[in-house]
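A short write-up of the structure that comes next.
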């Protein structure tokens, strides 16, 4: 039986669909929460209580959720390209755990440096250092091995998670609020000021541009290290640059959302399945898809047990895990036909 | 919409809170040994003779034991303890990263006092029960239970007279605090027990002693419909618009930092300047110093009454 | 086009290529043959810039290989590795999109893959895959093509189809191909370089290089060369088979 031909979906319509999805989810997110407010009531920015609730309290948080989701998905996309494995994601590879250690240090030492500055810096340092260690281990003995990189990542993630927990347990009570840190560790979207939310847009733009520039190299890496080198790519330098970009994205995500897993794994995976493996096509899709997913997750997090909140990282893990298993099963069935 | 609770409701609540009639033992046999007491887990624990080697685990239990004058009979402590100063010299059996049964066994304790909310403490209790060492589990869902714990420990250690003294002292202070704000309106209050920079706001609801403490201090917890320790969303706080915000912080930072949180300037507590930051210290330790916490809350809620 | 002088490659204490001299002209099909471990693939990888030389030098289009900026060198070379596996599930069209230049319709037609563009690469047959990879490698029209055993694992018709493509290309550009199969070398190459133990034993037209004497030295095994009338060949097997008349090649050999 002849295998069916595959025609890749055209990109522009797909992006439009995703943009529409983002708009729909944002609409839902603005309306839902501790109290449901219909769009008719909050859309006019007329200073009424409902409008204030939506625009003052919800909108900044929604912006942060979108930003965190977009960063996680972009980071996952780059990691999957560099490690040549669809299971790679910042959480699994220790990058998020590294950011967690950095962020924990920043939270535990609020007197030395103001957390507003130290948190993203230390988170980035942690994410970057963790990724470099994983790369170094994965490369031991010369040639890369995708499997070895993943294993190294999982090991480093475990070590760093334990380190973070230890730091928090030993020093948590001294300078800051233990419960808040524990909650943050489980994932929670922080609320930015308007200036900070505007900053998100700029940072996201930079990240997207960087990811686009990496796209061809990531595709080439997928053909094999040697083929990539014969295509003129300095693979060591390229991988190092890619890791820096991915670490930055991870750091921002962790700084504003705590430790949230699965988004970096699932979104690139789904987009690749939908749009094909060429990375240039996937950057925009991952940003929109990751953003939409996390806005939705955060909406559930602050609505389901209102006025209480569920840590959003718990939600993504609870839902993400089974969803991913379902994905795997579906793909196996499709590949078998 | 938040309304002021009726005075009769307040009175009934306070009246129900006093544990005056809670002690079941006849006065004559007050300090007789052996004694069988019932602890918070509902277990009957028999203590043969006055314990001489006590290991209290958890700051509240350490404080209660020392308040009863039993400092010389404490051989080791557990938990992140900072009070009283004499307790800090005692050997520790753990706290930050769990408790060690071996370290405790080294001291040959004849009484362990633990609090079940700490999982590792239960493992400790389990180990010693098998050895036949009496283990008392104490819980503190509200202020009256703090007093009950005092009396229970007093009975168990043969210091009931002192315990009664402390308890009536405690009640007297509570009564005087109440008298100070009596007649004033009871504001709604949001008590923040922990928070990250811009999220993860932790508070307490019914079933937590701090909720009780707020009521004794003449305030009404906006989240009293919730139970225990919970994390709430910023918009939930906004929806309930508390009149006063009390933030407990380990290293207190200026109240302006809270006012600067994005969006919080629209809260009436921020607009009217009724944001108070208190040192966390004893506020979240359910021991004899809770009365100081109640006083601190009362001063924050009714500054005019304590001028 | 490509020139190597006393090129030496050592790794893990072994000398893989020993003071090798090689000249590849701007046109023509050069075959590198020899037993396993002779250093054929190493020479090719050194030429592609994947393996640095420990001694000696190599020049590409007159400039030392090491001096070429990566991107420019990539445009001058086309490299077909021995084994290729894409980590992602690409379609043929997507694979071709990863060439250094968009392939022309003519190239696709020549490689006979224009009908396969929508197919997933993983579902192609061995021959189709080889041709698709070749199209990708040739898309930017490199002056020098380096192919490492491109005909391995292909059946006979596909082997010859592929070699025919390479030979056609060699009429206008330089092509160096590592071959295991001496028949293919004999049938298709303009020049053959015989390697053994990292050294160049002989370099010249197939009829002069693939002699019994040289082959015996290279392979350490007695070889009998049987010259058929022009236009015939057969494949040898241990027990010896009857020759079968077929299309190509001036000479072939069989193991005795």
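Brief remarks follow.
Should a chain be cited, it is by its letter among A, B and C, assigned in written order, with residues numbered from 1 in that chain.
The rule we apply is simple: a contact is a pair of C-beta atoms (placed from the backbone, for glycine too) under 8 Å apart; a residue touches a chain by one contact, two chains touch by 3 or more.
Please read all numbers here as calculations on a predicted model, not as lab measurements.
Judged by the touch criterion defined above, the protein chains link up one after another in an open path, with no loop closing it.
Put simply, the chain farthest from chain C by mean CA position is B.
Note on chain placement: the centre of chain A and the centre of chain C lie 45 Å apart, centres being C-alpha means.
Separating the CA-averaged centres of chain A and chain B is a span of 40 Å.
Averaged Cα coordinates give chain B a centre that lies 82 Å from the centre of chain C. Multi-chain contact residues, meaning those touching two or more other chains, do not occur anywhere in chain A. Across the assembly, chain C contributes no residue that touches 2 or more other chains. Residues 45, 48-50, 70-75, 77, 79, 81, 84-91, 93-94, 97-98, 100, 118-120, 123 of chain C are the ones touching chain A in the complex.
Interface of chain A with chain B (complex): residues 33-35, 52-53, 56-58, 60-61, 107, 110-111, 115-116, 119, 166, 169-170, 173-181, 183-184, 188-194, 196, 302, 306-309, 311. Residues 3, 5-8, 84-85, 146, 216, 219-220, 222-224, 226-227, 229-234, 272, 276-278 of chain A are the ones that touch chain C when the two sit in their complex. The touching residues of chain B, when paired with chain A in their complex, are 80, 96-97, 193-200, 202, 223, 226, 229-240, 249-251, 261-263, 266, 280.
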